[in-house]
Amino acid sequence: MISVTIYNEFCHEKFDENVRKLYPDGIHNAIAKFLGENDDITVRTVTLDDEECGLTDDVINSTDVLIWWGHLRHGDVPDSVAERVKNAVLKGMGFIALHSAHHSKPFRLLMGTTCNLSWREDGDLERVWVTAPSHPIAQGIDTYFEIEEEETYSEPFAIPQPDELVFVGWYEGGEVFRSGCCYVRENGRVFYFQPGHETCPTFHNKSVQRVITNAVRWAAPVNRVSQLICPNVKKITTGIPGSHRR
Amino acid sequence: MISVTIYNEFCHEKFDENVRKLYPDGIHNAIAKFLGENDDITVRTVTLDDEECGLTDDVINSTDVLIWWGHLRHGDVPDSVAERVKNAVLKGMGFIALHSAHHSKPFRLLMGTTCNLSWREDGDLERVWVTAPSHPIAQGIDTYFEIEEEETYSEPFAIPQPDELVFVGWYEGGEVFRSGCCYVRENGRVFYFQPGHETCPTFHNKSVQRVITNAVRWAAPVNRVSQLICPNVKKITTGIPGSHRR
Amino acid sequence: MISVTIYNEFCHEKFDENVRKLYPDGIHNAIAKFLGENDDITVRTVTLDDEECGLTDDVINSTDVLIWWGHLRHGDVPDSVAERVKNAVLKGMGFIALHSAHHSKPFRLLMGTTCNLSWREDGDLERVWVTAPSHPIAQGIDTYFEIEEEETYSEPFAIPQPDELVFVGWYEGGEVFRSGCCYVRENGRVFYFQPGHETCPTFHNKSVQRVITNAVRWAAPVNRVSQLICPNVKKITTGIPGSHRR
Amino acid sequence: MISVTIYNEFCHEKFDENVRKLYPDGIHNAIAKFLGENDDITVRTVTLDDEECGLTDDVINSTDVLIWWGHLRHGDVPDSVAERVKNAVLKGMGFIALHSAHHSKPFRLLMGTTCNLSWREDGDLERVWVTAPSHPIAQGIDTYFEIEEEETYSEPFAIPQPDELVFVGWYEGGEVFRSGCCYVRENGRVFYFQPGHETCPTFHNKSVQRVITNAVRWAAPVNRVSQLICPNVKKITTGIPGSHRR
């Protein structure tokens, strides 16, 4: 059973009628709904206004994969929470950054770069192409899938070169974007996925749901490391019984 | 001084009026012309109909960077020539595969994959985006450049993940393609560049010329290895003078 | 259920008493024994002297992961068999190259390089260090494991940079080697593992057995592609029902 | 001309007689000496006790490559200075982290991981093997070089997988370490190099000097970006003169 926690800053949905129509219970609950239909996944949600963003030590320690959506209020996430998330990833927790979470504090800490890009809100069709057909995150997707309307994100995207590039997005207006990027950071797996603008029905798109579900299974830790250490060690003596070696 | 050899199968230009109009002296000479304007580059050209494709041991051994254009007659390049090219790359020669050279024998040997893709000839506008702005091959290019008409190549492109991805192409009709891909193969550098269809004036495009020129400088070998060996060696004795070690 | 086929050239075991003592039924059967103890793995073995090396279309098409051990008689594997193995990997079959299989035809075809290295037979202790602790292939291994006696393989190892480097070997006599290397080649996963010299009891080492078992599970295909193609395609019309787009 | 700034915390040299004997003017001046012998390199040095560590905006803006040595007092480098260094790297400045600088603030910010390792001070011989013979940083080095005495650093090393792995270190006592690691971070190049313990004469070793000199040339920026931005852009209109396109 994979324990997923979904963080949403839950802000636009409260003041913008257009967003509320699409996601009446918030983006977090829209994601929770389709993930919760899988027998191997349990879901919790937390939001910015919860104490410590809902991401206390207890919650983090019992989370296998953390999904992050935020946009307007990245700066209101306390640095201590961002560091806690980063450290949990380094110990093995999976992390999935959706759309505007490219600028979230934990993602930037993990990447080490600005994660800048260019953007445009014209409701372009996005066609998301698979560049790694055998990758677990691309399973169930044919050579591409379409999103009727998305915010356009454009290269150059200021990230470290992905360990694996799974998707590249094409936008009607003329841009491309590395839309699905995998990283290993110490013991944890990180996936960035471009789709998910708040004024678009992206999280109701079946292919988007499939990709996020696949990504949860991919990012779930094989094991969790309990501490991060930098030990002073003794010279090794061979552990081979009866060996004539040192 | 970088010694460049340009291989062109030189086939379409002979029977297709449209190609001949664009490249009256052949694609090889169109490339030779703009490369030859650089003080640090000398150029030779060879074609399929030359003996051994013009790629004799002498020519290969005195080539720093080999540029390859072919399309209709990949199968007519002798396996021995393809192996010779591959081995020269492994010893340090640079190799630039242009457009339909994705299916050339040397490129496939170096990649180990089919290098398949999907393609369409509708004269789409291609907008080539930079994904690695600080890469030497992207110097002088802003965030993107345009090609008025190109053959459309589409993902998935069946290549090993590039060591560095420098360009991604956007096509008017809805496709994307990893258009600029860098590899190191043993001691040699390999660059694949998508633009260059025979019925399009692509090699007259200033940005394309700049990229190919940059690629020549990037792919030129730091050094050349004389042999490829797999030696049986003796146990090492430390080379530190006066050392008390073994 | 993962269907594993183990190829062994089965040559040293027939003429060298020392090898026969260690592996009386051949290296293939030693590997088959420990793999066969897993409920999710079924095992077949084939050898060089079988018709087509035992690697007929039927066998290949029903193999999820092919393990390869060979040394003296790489050249006697027909090119057609090597090509068949390569193509199966590109379609999704997993491939595990053990020890001297660095020079096997299928591995070299998949890498595109010479796969040369330096070697020494002095029965050195090898200590194999984990460089990617969270990788599935390293599960159950602590920070390192030891092999009492191994053939020494030394850098430089003439391979493309691995997609993931899981192990680095230390040898008593002073060498290092990238001992565990992961690659994706089109739809298939490839793992190279250094240990496994024929005159050493390496395949009886519990850690080695664990790594090979882990690698089988890692390399097993998510899906299998039926053909390798390079299609001419039509311009895409959006598949979104009721869309006003093209 | 490449403008190099060398940062040294300059701490051990002041209180430890053994270190002072090896580096009477400090480690920074030992490095400055051999680098300064090159016609294409100019050198400045700064230390922790200088105002803002000597790394003011003016100094950073006129630095092509920053070399960093620190050990005891990483925590005393102000966060603002560490951020300034990180941002300069993202804009194109080269950064070379030597030895215990694996734990320096700028390196950790750029990597996004703990950069932990295991360590041992027994004065082991280190033999540094080349894993990428054609890499510019390995030029002038044969297959390996030796350091008579070094601090032992051991895997696992908690870094993102290097973009290019150039050296792997072997230690007499039984460990291995990825000793030469290259990264691109946005517009800047980063090189980590393991050798350089303060109680060892490592910076007097000719091979070490050669590697650091090579690394300076490799890390020097091709160009420098003036700002880091994330712009809202307009839909593109093709720039092709006379084009019938949008």
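First chain written, first letter: the chains are A, B, C and D, and each begins at residue 1.
The definition used in the following text is that a residue touches a chain if its C-beta (ideal position, glycine included) is under 8 Å from a C-beta of that chain, and two chains touch if they have at least 3 such contacts.
This one's a predicted model, so the numbers in the text were calculated from it and none came from an experiment.
Under the touch definition stated at the top, chain A and chain B share these contacting partners: C, D. Distance between Cα centroids is largest for the pairing of chain D with C. In terms of C-beta pairs in contact, A-D outnumbers the other of A-C and A-D.
Per-chain Cα centroids separate chain C from chain D by 36 Å. The mean-CA centres of chain A and chain D are about 30 angstrom from one another, to the nearest whole unit. Contact with two or more other chains is made by residues 118, 127, 132-133, 154, 161, 163-164, 174-175, 184, 186, 236 of chain C. Interface residues of chain A, counted against chain C in their complex, comprise 92, 125, 127, 132-136, 139, 146, 148, 163-164, 172, 184, 186-189, 221-223, 225, 236, 238-240, 243, 245. Those residues of chain D that touch chain A in the shared complex are 86, 90, 103, 109-114, 116-122, 154, 158, 160-161, 163, 173-175, 183-186, 228-236. Residues of chain B touching chain A in their complex: 118, 127, 129-133, 143-144, 154-157, 161, 164-165, 168-171, 174-176, 178.
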